[in-house]
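Two complexes follow with chain A in common, the first pairing it with chain B and the second with chain C.
This part shows the complex of A and B:
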């Protein structure tokens, strides 16, 4: 069931186009991440959904109702701000209870609901504290509680985990996801961190320069990116620009200098087409013994080993000065050593230029 | 470092003692001295200046008038200054008006006094407490704007957005979020405008007509040498009451944990 529908949304600030032709549907119970680099317009989009900004053109529907011109307090949305914006003059209890007090809910109901949401977020002990006395993680939970207590149709989160340290951030990501699933509520989560997007979302919408360039299930976008920008934005990737030599059904061969490449494509290719072959570092195997099959394979010298704890990225330079990155869990290589790389044709993504 | 700190400590305590408290202490001391001259040695201890003071009906009237004027000025300048601060900060228009509202700030009080007099005279408005209130408000508005706007500028706009997001409309948001957060600035400007008006002599002198205020009463009393010690008695009472008010406010401030930084 479609809960939120954005139709042809444009936003201009003077001559600057912040958002361009945004079309997006979000279903009930879904967690959609809006992922994009800074300045891509993702916060603006969130503000438009929340009612803090009006779109220059286009329509917003929530539950089929037109939301253009409806102020934030009359929308069934709630926002967790990037800086949280907890009320500094109120204690934790009154921050969480704020929305219900405004609605003039009876005080015993307020107490009951605050207790419930505080238990959900494990902050029962903090209710009497001033918000300025809380740690970053605790403030996060209070901000979330303050929004969740109103049971909004859509919860909007604007990079709420930004200021936290990595460990706490990863814990909170999982916890937020658990809470969202447990409440079966609809969340729109803005972030610039692709790993966060992958951990948390059902679907992800990738925003660049004010346009949605792809929407879909994270795994599919990561493994079958539509274009170079998406592939590069979602993590390390090796890109080989080459020209198609021969096509046979869905299989094709292509070459780039001395390199011979075999690939599979669902799209239509012709001899002479220029294509980008994208291979993720974790899909590349490394070996020190020379390979018989020269297809989908390169040889070169190790120039750098980047230790990343659980794995290492090995940077290899070929004789014709191409650089490849391969990921390995056993970094048994030395800088300067000659190695051979190989990947399966199923693991390469083909993007036509 | 510690030497500098020590120097600062000694310097501030000396300055505060000598320049601020010593003259005040002398005034209080001489208000109990049985002589019309302010010279040592001290003569006999007496309450007679206080008795003379309380017998003077003009003194009480002047105090009451000054309080009425100061309250009206405080209320008037806040009710103009607060919306003006919002306009300046929220509309974010850097216009000439921002400078213009500060003009009374740089004008000598004497000039404000004289021009007010000319103004009211031209319009045929008889001088009274009301004309004094109006001319005091003129020079109080910039102060309110300066203090309140400074607080508003530093106020995170997301507090208000969050409030609106949680279901509060504009009026509720102002009542429950904006006002409590800028309240320290408002109370400080209320206090300062009150005190300024209470203390003001020059503008009052030109605009009060035949009415009397405390500074005018003091000025008038100075012309009778035998009355001068009565002024010290009056000053002592004003100082005492003022100190009591400051003490109560400071206790409240410390109790509430509001630092000096929160005032502006």
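This part shows the complex of A and C:
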């Protein structure tokens, strides 16, 4: 069931186009992430959904009702702000109860609901504190509680985990996801962190320069990116530009210099097409023994080993100066050592130029 | 070693603050202590002083009906003046802080400050010409045929005091209010609206409570000078006789310095107590936290 529908949204600031032809549907109970680099227009899009900004063109529907011109307080949305925007003159309880007090809910109902949502977020001990006395993570929870208590149709989150340290961030990501699933509510989550987007979302919309360049399930977008920008934005990737030599059904061969590549494609390719072959570092195997099969394989010298704790990224430079990155869990290599790389043709993604 | 460092730091800080310490000692602490000492001596008119310890000046100040009434009237006028100024300054400060973009608000505040560069007494005399019996206001009203006789309510009266102080002290209210309203993050307004507040509710639940420190500072800037004000009541206040006038009269005309000193100290104590209460309860501390 479609809860939110954005149709041909444009937003201009003077001559600058912040958003261009945004079309998006969000279903009930879904967590959709809007992912994009800074300045891509993600916060603007969220503000348009929340009613803080009006689109220059286009229509917003929530539950089939047109929302253009409806102020934030009359929309069934609630926003968790980037800077959290907790009220410094109110304590935790009154911050959380704010929305219900505006609605003039009876005080025993307010107390009951505040307690429930505080328990959900594990902040029931903090209700009497001043918000300025809380840690970053606790403030986060208060901001979330303040929105959740109103049971909004759509919860909007604008990079709420930004200021937290990495460990807390990762914990909060999982916890937020659990809460969202438990409440079965609809969340739109804005972030520039692709790992966060992958951990949290059902679907992700990738925004670049004010346009949605792809929407879909995270796993599919990561493994079958539509273009180079998406592939590069979602993490390390090796890109080989080459020319198709031979096509047979869905299989093809291509070459780049003296590199021979075999691949599979769902799209149509013809001999002579220029294509980009994308291979993720974790799909590349490293070995020190020479390989018999020279297809989908390169050899080169290790130039750098980037230790990342659980794994290491090994940077290899070939004789014709190509650089590859391969991921390994056992970095038993030395800089300068000659190694061989290999990947399966199923793991290479083909993008036509 | 560490102790040595601390000691050196203290001595450097002392050196920096020496000019201020010397200045304050000569022109503030010594006179203040003199006043305190005087207030406990026995005094008689025409500058006669008997140097024996007594509380009679304080007893007289707090128990005599005349000084009690003056004390209450001064407080009432000070508070009324503050309320009139607040009602005028808040909308201006709000407009400059929230409706005007960029630093235009600050530039307008500089313009508001210009009248303050004119001498204080000249400004008061100017108001005499505007509000007086043959002043601009009455001439205009009579010319328009709205009144037969010159109005007296705007001259030699309490409203006249309030009007003149409003003009004199308005910037002292606008500036702290502007600063506190300006410092409220935009996202707080948005959050309040997001949680169901309309614009009026946002004002009463977010803007006003968060600008209370500014209101408190404005109050102090107006209340404290007003408590000791003597020139404005003397020049435009008619028969209005405030604490400042009482003190001036006791020092200069009657010449009972100990009684004048006790009145002065009582005035200082009152303002200190009011300041303490404001700082404690109106969140002024948030300004510098």
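Convention: the second predicted complex is superposed on the first by the 353 of 353 C-alpha atoms of A that agree within 3 Å, B and C clash if a C-alpha of one lies under 4 Å from a C-alpha of the other, contacts with A are read in each partner's own complex, and residues count from 1 in each chain.
Convention: a residue touches a chain if its C-beta (ideal position, glycine included) is under 8 Å from a C-beta of that chain, and two chains touch if they have at least 3 such contacts.
All values reported here derive from a predicted model rather than from experimental measurement.
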{"item": "Fit or clash - chain C, chain B, common chain A", "value": "clash"}
{"item": "Touching partner for A:288 - first (chain B), second (chain C), both, neither", "value": "neither"}
{"item": "Which superposed partner A:306 touches (first chain B, second chain C, both, neither)", "value": "neither"}
{"item": "First, second, both or neither for A:323, with chain B first and chain C second", "value": "neither"}
{"item": "Chain B versus chain C as contact partner of A:66, first or second or both or neither", "value": "neither"}
{"item": "A:99 touches, of chain B and chain C: first, second, both or neither?", "value": "both"}
{"item": "Where chain A meets both chain C and chain B, residue numbers", "value": "50-52, 71-73, 77-79, 81, 83, 85-89, 98-99, 102-103, 146-147, 150"}
{"item": "Residue numbers on chain C that touch chain A, as the complex places them", "value": "185, 187-188, 190-198, 201, 205-206, 209-210, 212, 283, 286, 289"}
{"item": "Residues of chain A touching chain C in the complex", "value": "50-52, 71-73, 77-79, 81-83, 85-89, 98-99, 102-103, 132, 146-147, 150"}
{"item": "In the complex, chain B residues that touch chain A", "value": "156, 158-159, 161-169, 172, 176-177, 180-181"}
{"item": "Chain B-touching residues of chain A, taken from the complex the two chains share", "value": "50-52, 71-73, 77-79, 81, 83, 85-89, 98-99, 102-103, 146-147, 150"}
